[in-house]
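Two complexes follow with chain A in common, the first pairing it with chain B and the second with chain C.
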Partner chain A sequence: MDKIKVEVCCGTACYLLGAANLMSLEDMLPENCRGRVEVEAKTCLELCEKENLGGAPYVRFNDTEIMAQATPEKVLARISELVEGVA
Partner chain B sequence: MLNGSTFIRRELMIRIVRAFDDGTLETELDKIPVKLRPKNSISSRCCVYHDRAILKYRLMALLGVSVEDETDETKALSAYYAEKAWGGGTNETKPKTPLSVCGPACSGCPDAKVVSTPNCRGCFARPCVYNCPKKAISIVGGQSVIDQSLCIKCGKCITACPYHAIVKTSVPCEEACPVGAIRKNEHGVAEIDFARCIFCGKCFAACPFAAVMERSQLVDVLAAMKRGEKLVAMIAPAAEKQFPGKIEQLLAACAKAGFKDVMEVALGAEKTTEHETAEFIERMEKDQKTFMTTSCCPAWVNLVGKHMPDLIDHVSLTPSPMIYARELVKAKDPDAKTVFIGPCVAKRSEARRKDVDYVLSFEELGAILAGRKIDVIACEPWPVERPANPTARNYARSCGVTDAVLDEATSKIPGFKLNAKQINGIDRKTCTMVKLHASGKIPVNFLEVMACPGGCQNGPCSLS
Partner chain C sequence: MADDLFIEMEAAQYTKTGQGACGDDVRFMTVEKENRHLVALSDGLGSGVKANVLATMTTSMAIKFLESNVPMLEAVEIIMDSLPICEVRKIGYATFSLFDFRLGGKARISEMGNPGYIHLRGTEEIAPLKDEQIASSHWPDREVRECEADFRAGDRIIMCSDGVTQSGLGVRKDMKFGWRRSGVLKFAQEKIAADPDISARDLSAAIAREALFLTPGGCKDDISCVVCYLRRPRVMRVLTGPPFYKDHDADYARKATLGFDHVVICGGTTANIMERELGVKVKVKLSDMKSSGGLPPVGTMEGVGIATEGILTLGRVLSALEQMRPPEREPAAARAILERMMRHDRIEFVIGTKVNESHQDPNIPQDLELRRSVVKRMCAALEKNYRKKVTVDYY
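Coming up: the complex of A and B.
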C-alpha cells in the first residue's frame, strides 16, 4: 500500500504564521499511523500566494489535497481518516 | 508564541513587504483592511467595520506612526505614507516612543478583583472564610461572597478553595507592567505614561486584544534598501532557534534579502565581556563592599534611570553588545547603516540614544524574508570570518552574562570568586529583590538583570 504523503510548508510565511508548531508532527503520530505516513518539511509551496496569505500555514496531502490554517490537531485527524480509508 | 494577535501582526507585515516590493504600497495600504475583512466575512470583534478600523491603526503603527497622536481621523494611510521621509536612520525618522496604544482596540478590561464563582458548593470547612486575613468572605444563601470593600486581593482564598471556585479577574496589561506605567484613563481605555514606561514590552505581549502596538521601522528599512543605503544586519544572539536552520544560514538569508553585510551581535558581546570584566575587577579593587549590575538589557537600564536613581552609579558603564557591534560595523565601513535585529522592544529606545540607525524585530525580519520568498533552511551558510564565541552567543540566556564575565575573570585571575545573583525577569516582585540586593540585605557583588524571564530569547518580539 502506498504511503500517505504529507507535505508541511516550511516557507518563511507559513513558518511565521504557525508552521513552527507543525515541526514535530512525525513524533505526534498515533500508533496505527506510524509507518503509513511520510511527513516531509518542504520549502515554500507558494500556496500563500496562490490561495490566500491568511490561510497559512498550509499542508498538502498526496500532492492534491490542500489544508489551510493547519494545526497539529487538524493534520493528525486528517491523517487518521486517510489511514483508516474513511475518505 | 503564536496567537491571534501575533498572527494578524505578522500577516500585515508580510502584506506590507509584498506590496512595497510590487511598488503598490501607497495605494494598497488603504485597501488592506477591507481585503482582510470583506463584508459578510467573519469578524473578530463586533463587526467587520470595527475590525477594519483597528486594522487601519495596526497599519499606522507598522508605518511607525503613533496611534495616540492621530488628529485627523479622515486621514488615509496613503497620506501618512506619502508625507513621511522614509529611511535615513536619523532620530527624526525614528519613533520617539517604541509603543503605542490603540484606544479603539482596547477592551477596557474591568478592574482586577477576586470573585467567587458558582463553582462554590458552600462547603462545611469553608477554608476561604477561615483563611481570609481581612474577614471579607461570608456565606450568603449557601455561596461564598467577597466584600470588595474589604478584600485586599491577597489570593489566600484562591489557594485555599478545594473547588477552585474563587478566581482573580485581571487587567492583563496592568498586571504585566512592572512599573505601573499603563493604566486606564478617564475614558476607561489603557494609556501608557511614557515618563514611567521602561519599554520592556510586557504589556505589548500581554494584551489579549492586541491594543498595544509597536511602532515599526519596517518600511524605513525597506525604503533604505531601495535607496541603496549600505545596510548591515546585526543579528542578536537570541536568534538561535528563532528560525529553522543555523545562525550562519540566517545571516545568508539576510544577505539575500538585501542587506549589504551581516554580522552576529555576539561578536560585540565578546567585547562587552572583556570590558565589563575589567570594569568589575577595577570597581572591586576600589571598594570590596560595592556591587555592579549589568548594562546589556535596555529595559533594565531604563528601569534604573526612571525608577531607581540611587542605583545609577552601580550600573556598568560598559556598552552593550549592540553598541560594540555598531562600532565593529562602522570601523569596517564608516558609511554603513546599522540595523539591529532582535526580540526586544526596549532596544528601540537604546538605538535612539546610541545612534543605531534601525531596529527590526525577528517578526519584521521574518516578514521581509517571507515577502521575498527566502527560506532560511534553503540558504547556504554565510561564510563568517569566525563564529562568535559560545559564551558570547549565550548572552541571550539568563546567567549568560554572569557566566561570560566569570569565565573571563578566572582566565585573568585564577581562583577568582564572583558573588553573583541573577534577576531572571523584571516584575513587581523582582523589583523588590533588586532593592534588597542594593541595600545590602542580600549580599551580592555582581547583579545580572534581564527584563525577560529566561533572557532575551523569550523577548516580547521573539518568534518561538
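Coming up: the complex of A and C.
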C-alpha cells in the first residue's frame, strides 16, 4: 500500500503562522498510522501568495489536497481519516 | 596578481582559568586604500583585567602607529611611557608582535618580548630577509626585533603569546621548558602536511587548543595564537529572493553553480526556482526538521548547495554576525550559513528583489525586515567584524 504523503510548508509565512508546531508531526502520529505516512518538509509550497485558499500555514496531502490554517490536531485527524480509508 | 590574493588573518584565544578577562589582546586592521593589512598581538603583564588593560592599550596604540607609519622605536617608547605602572611590580609592561603587510610587497614583523614569529611556506620554515635588534635609549632593557619577510602566496605567519610556547611547563615531565617555539613549529608543520590548505582560522584554533591540552587542569596563562595566510580567496555565494522579472530566473539559477560547499540558497521561493531551473530537488531530513532550533530546517540540493528559509534565517545570521556570536550555538540553518561564511574569504550575495507579498500579512506575529536592508547590514558586519570581502548583485 502506498504511503500517505504529507508535505509541510516551511516558508516564512507558514512557519511564523504555525508550521513551527508541525515540525514534530512524525512523533505525534497515533500507533495505527506509524509506517503508513511519509512526512516531508518543503521549502515553500507557494500557496500563501494565492488568494482564497484559506491562509497559512499550509499542508499538502498526496500532492493534491491542500489544508489551510493547519494545526497538529487538524493534520493528525486528516491523516487518521486517510489511513482508515475515509475520503 | 596581487588583486587575486586574499590574506586570511585569524586568532584563537583562551583565557587563564579563573580570570574574567583575557590578558592578551589581538587587533586587526585593513587599510583599504593602501591594500595593507595589520595585526597587533599583545600580552599584558600579569593576568585578568589589569593585564587586559595593558594589552588593549598596547594593541590600540601600536596598530594606530603602524597605520600612520610612525618609526617602530618611537612608537614603542610612546607606548612604554603611556602604560600604567603596576603597583606590585613597579613597572608597566606589555609584550607585542606586530604584522604589517601590503599586498604585492614584503611583510614587516616587529616583536618585543613575545615568542619569535614562525614563517612557513608549505611545511618549510622561511628565514627573514632582514632581522635587526633595536634598543631604546629611553628604556635600555627593552629591545625591539624588526624583521622583513618575503611573504608570498601560500605562505603563513604564526604569532603567539607565551601562554602557547610555555604550555605544559611544570606539568609535563617530557616538556621541561614547556611546548616552546620549536614544539609549535613542529605541530604547525604536521597540521599543514596533513591538510596543505588548512585555513588560518583552523590552524590558529588547532594550535591554541593543543596548548590548552598540554596543560591539564586548566589554562595556566592566557593563550593567544594568530595565523596570517596569504592565498587565493575562497568564494561562496548566497542567493536569496526571486528575481524581479521572471524571465531572469534561468540566469539567476546559473549563479548557483559554484560547487556544493560554496552555495547557500535562502528562501522557499528561491529554492523552488533552483529546483525548476537546475532540476535538483531540495531534501530535508526528518531529523533536521525536529531539531531545527527555532528556525525552519535546513535542506540540501545535491551538487548545488544548502537551502534554508529566507528572511527569518538571514535575520538570525545577521544578529550573530553583528554580535560576533559563535556559530555553534545558533539554530541549525543559521549555523550552517555562518559556518560556511567563516570558511570563505569572499562572499558574493545575489539578491532577487521581488517582494514577497505574503510577508505583508498583518497576521504575521513579528516584523520582517526587508531582504535588501538585512543583506546590507550583513555585508557591513562581515567586512568590519570578520574582514571578509563582500559583493552584492541584484536581479
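Here is the rule we go by: the second predicted complex is superposed on the first by the 83 of 87 C-alpha atoms of A that agree within 3 Å, B and C clash if a C-alpha of one lies under 4 Å from a C-alpha of the other, contacts with A are read in each partner's own complex, and residues count from 1 in each chain.
Simple rule for what comes next: contacts are C-beta pairs under 8 Å (C-beta built on N, C-alpha and C of every residue); 3 or more make two chains touch, one makes a residue touch a chain.
Note that this is a predicted model, so its numbers are computed, not measured.
By the touch criterion defined above, A:G54 lies against chain B but remains apart from chain C after alignment on the C-alpha atoms of chain A.
Contacts of A:T43 after superposition on the shared chain: both chain B and chain C are touched.
When the two structures are aligned on the shared chain, A:S24 is found in touch with chain C, with no touch to chain B. Shared-chain residue A:S80: touches no atom of chain B or chain C.
Chain A has more of its residues touched by C than by the other of chain B and chain C.
By the document's definition of touching, neither partner reaches A:T71: not chain B, not chain C. Shared-chain residue A:L16: touches chain B and chain C both.
The intersection of chain A residues touching chain B with those touching chain C, taken from the two complexes, comprises 10-13, 15-17, 20, 23, 41, 43-44, 46, 48, 56. Contact residues on chain A toward chain B in their complex (touch as defined above): 10-13, 15-18, 20-21, 23, 41, 43-44, 46, 48, 53-54, 56.
Residues 267-269, 271-272, 282, 284, 286, 288-290, 292, 294, 296-297, 299, 307, 309-312, 356-359, 361, 363-366, 368 of chain C touch chain A in their complex.
Partner chain C is touched in their complex by these residues of chain A: 8-13, 15-17, 19-20, 23-24, 26-27, 39-46, 48-49, 55-56. Of all residues in chain B, those touching chain A in their complex are 2, 7, 10-11, 14-15, 36, 243-244, 363, 366-367, 369-371, 373-378, 463-464.
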